[in-house]
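Dropping the structures in below, format is structure tokens.
Look at the two complexes coming up: chain A is in both, with chain B in one and chain C in the other.
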Partner chain A sequence: MSGLDGAWTRRWIEAVVAEIATRKSELTALDRAIGDGDHGENLDRGFQAVLGKLDALDDAPTPGAVLKLVATTLISTVGGAAGPLYGTAFLKAAMAAGDRPELDATGLVEVLTAARDGIVARGKAEPNDKTMVDAWSPAVEAAGAAGDDVRAVLEAAASAAAEGAIATEPLVAHKGRASYLGERAIGHRDPGAESTALILRVAADTR
Partner chain B sequence: MTVGLVIVSHSARIAEGVVELAAQMAAAVEIVPAGGTDDGGIGTSFDKVQAALTAADSGDGVVVLCDLGSAVLTAETALDLADDPGRIRIADAPIVEGAVAAAVAAESGASLEQVLAAAQDQAPAPAQPATEHQHPADSARSAAVEIALANEHGLHARPAAELVRTASGFDAQVTVNGVDATSMLRVLALGLDRGTVARFEATGAQAAEAIAAIELLAAEGFGES
Partner chain C sequence: MKKLINDPAKTVDEGVAGFAAAHSDLVRVVIDPPFVVVRADAPVAGKVGLVSGGGSGHEPLHAGFVGHGMLDAAVPGAMFTSPTPDPILEATKQVDAGAGVLHIVKNYTGDVLNFETAADLALAEGIEVQSVIVDDDVAVKDSLYTAGRRGVAGTMLVEKLAGAAAERGDSLDRVAEIARTVNSQVRSMGLALAPCTVPHAGEPSFELGEDEVEIGIGIHGEPGRARIALEPADRLVDRLIEPILEDLPFAKDDRVVLLVNGMGGTPMSELYIVFRRAAEVLAERGIDLARSLVGSYVTSLEMQGVSITLLKVDDDLLDLYDAPVHTAALRWGR
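Entry: the complex of A and B
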């Protein structure tokens, strides 16, 4: 594969919808431990709504068009903090993708960086605050160092996000509902970091 | 027209309750709830917030009060995507107390920035703390009165709102027991019960007029008799 086109982007999102539907109970269980216990259900509702809208796209959409559809749908339908956060991430990603028909490795890193920056701007979280930023930031760094093959970039981002999610376990939360728990949050993985790792892992596995 | 308010809560009932409470003291202000998800669950709805922003804006702008985290994120996202974000302010304030203070300020005709300041418990822009910046000329124009409060529940929400409205109407810095009498939150925080003797002081060009108006207001039971 040379670059990532709109058809790939659509396959990726469809696979994300399926994976979240499969693992929503797991995400919600993580959230129940240190949050309000709705992360899996909220994301599932949002991505199911995305699935219903994908058919409204052109026959050959750009990656940016698919990302924008995901953004606007998640913002309107998720209902928890993940809605504005992922919605902003996909919106900034769509803006970075612009109307390019394909994303090469450089373009992909730009898109991932814009998504991460959008989440940081929206949530004002910093690394080690025990949020999805702890998965996004290492993912973007690894992606930027992975060379000029899109598959290598996706694999690097997915692996780093997974490690970043695991690394949230010993942290005390400084943002979100978990920040009310203080040291009781220690030992639990952040659900937003885990769903970020999920979304990027599915991207790396999408052909 | 007045500045409008939008109350964003995870719970539809909290949002509606805050609207009910704030509207009691500010009948002319457009206060719109945006609570819960689209299907009535706990959470926040971007679409509800967006619709509420439109409904609350009569042209003078909207101040948004939020409860927990995602309510703020949803409001900020709506602000980013608004046609005219310059007319929207998100208050960094407790949702109940901030809404009440903002509603009272909006009812008195305050500007967008003044309503925001009232919600955030800052002195409205033109006013200065009474203990500072007293020029000799202003000090010469000062007045004070002590009043035993006769209201059944003291200076609780509605009488306090009347006091704030009256105190805001003069070119003078007005205090009650040393706190800014134009700040709803500070007046309420005094917890002035029935029978308490409260000391009202004013300095500035219309100090005497302000104190006279407060005496009259007290004689009328702060709007309760």
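Entry: the complex of A and C
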């Protein structure tokens, strides 16, 4: 494959829907430890709604059109903090993708960067605040350094996001409900960082 | 998990449907987008509209406070989950009578982000919106390194007084200013004896030993300042009210409204035991107990626990507190 087209984007999102449905209890368990115990349920509700709307797309949608559909659906169905944050991420990604029929490595890095910047602008979290930014930021950096093969960019982003999620475990949280735990948050992985790693891992595994 | 439910996925839907059926004289309910509980006579001509909302599970907050003299609309989200921007926008449109709309938002990341988004959308549609963030929970000490203080039981007093100001015809600027003043003068802190269980999660939101108490609990079971061994009620009341008194601080001859709020699973008899000690402490400090309110108003499902709220008032704020209110959960003077 030279670039990522709209059909690939749709396959990726469909695979994300399935993976979140499979792992929602695990995400909720992470959230119960340091949040309010609903991250998996909320994302599952949102992505199931996305699945129901994918058929409304054109036969040959652009990557940007798929990303925009995901964005508006997540904003209107997820709620909590994850809804506006992931919704903004996908919306900014869609805007970065624009009308391009395919994303090459450079385009993909632009899209990932826009998604991360959108989350930072909305949630105002900084690296090491123990949030999804701790998965997004290393993913964007690794993607930017992965060269001009789109597959290599996806794999680099997925691996870095997974490491970033694991690296949230020793941190004290400074944003969201986990921040009220103080040192009691230490030892727990941030659920938003974990769901970010999940979404990017599925992207790397989508052919 | 033992609950009076039919299906964990339908607890909010069926609860809202029941609320609508029980209180059709006071409210109408919008089901698309889900859900908006609107005052039956909204929009009220010339009046500033008041909208609040947040995750479900804290009933009667917020829907129970929709009606004359308080909220014009409430937006219940999923259990313990902020509503999305769509119903918040719908609520804003439903109550806008041309005098603008005030959003009253509890300080949780999700609520703030979703209400911000809805306010942006409302502004784009030409509706003037102001927002007031409520953060009365003194249990959160260090706002610099957290998401900040949480909005808890003091929220209902912000809704009551701002609602009265809107009802008497104050402008949006003035209603927002009153809401901010109330928020700046109200302080709360709670404790839990036993956790609650979110229906779709099926397991308690946190673990608490048989003889343990969480001091400074949040209304979603977020941890507080300390976990201690159970003590007599008077001593536990002291542990809540002292940080509240020190925080504002409340001083001799201040006039206050004292709210003793049950978390959902605490009997009234125990709330009055708590009230008795809290009033005693105020008397010892020479603080004037101007008004009292005891009941389960801002709950956390079936959590066993209590919160204490103190609001410092002057003549104007006291008039607003005393003004007539007619809602499902709060009614006087009318």
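Here are some notes:
Note that the second predicted complex is superposed on the first by the 207 of 207 C-alpha atoms of A that agree within 3 Å, B and C clash if a C-alpha of one lies under 4 Å from a C-alpha of the other, contacts with A are read in each partner's own complex, and residues count from 1 in each chain.
Throughout what follows, a residue touches a chain if its C-beta (ideal position, glycine included) is under 8 Å from a C-beta of that chain, and two chains touch if they have at least 3 such contacts.
These numbers were taken from a predicted model, which means no experiment stands behind them.
After alignment on the shared chain A, the placement of chain B and chain C results in a clash. Contacts of A:L85 after superposition: both chain B and chain C are touched.
In the superposed pair of complexes, A:G3 makes contact with neither chain B nor chain C.
By the touch criterion defined above, A:D38 lies against chain B and chain C together after alignment on the C-alpha atoms of chain A. When chain A is checked against chain B and against chain C, the one touching more of its residues turns out to be C. Looking at chain A, you'll find residues 36, 38, 42, 75-77, 79-85, 122-123, 175-177 touch chain B in one structure and chain C in the other.
Interface of chain B with chain A (complex): residues 37-38, 41-47, 68-70, 73-74, 76-77, 80-81.
Chain A meets chain C in the complex at residues 28, 32, 36-38, 41-42, 45, 75-85, 122-123, 172, 174-177, 179-181, 184. Residues 36, 38, 42, 75-77, 79-85, 87-88, 122-123, 175-177 of chain A are the ones touching chain B in the complex.
Note for the complex: chain C touches chain A at residues 33, 55, 77-86, 108-110, 113-114, 116-117, 140, 145-147, 150, 198, 200-201, 203, 205, 218, 220-224.
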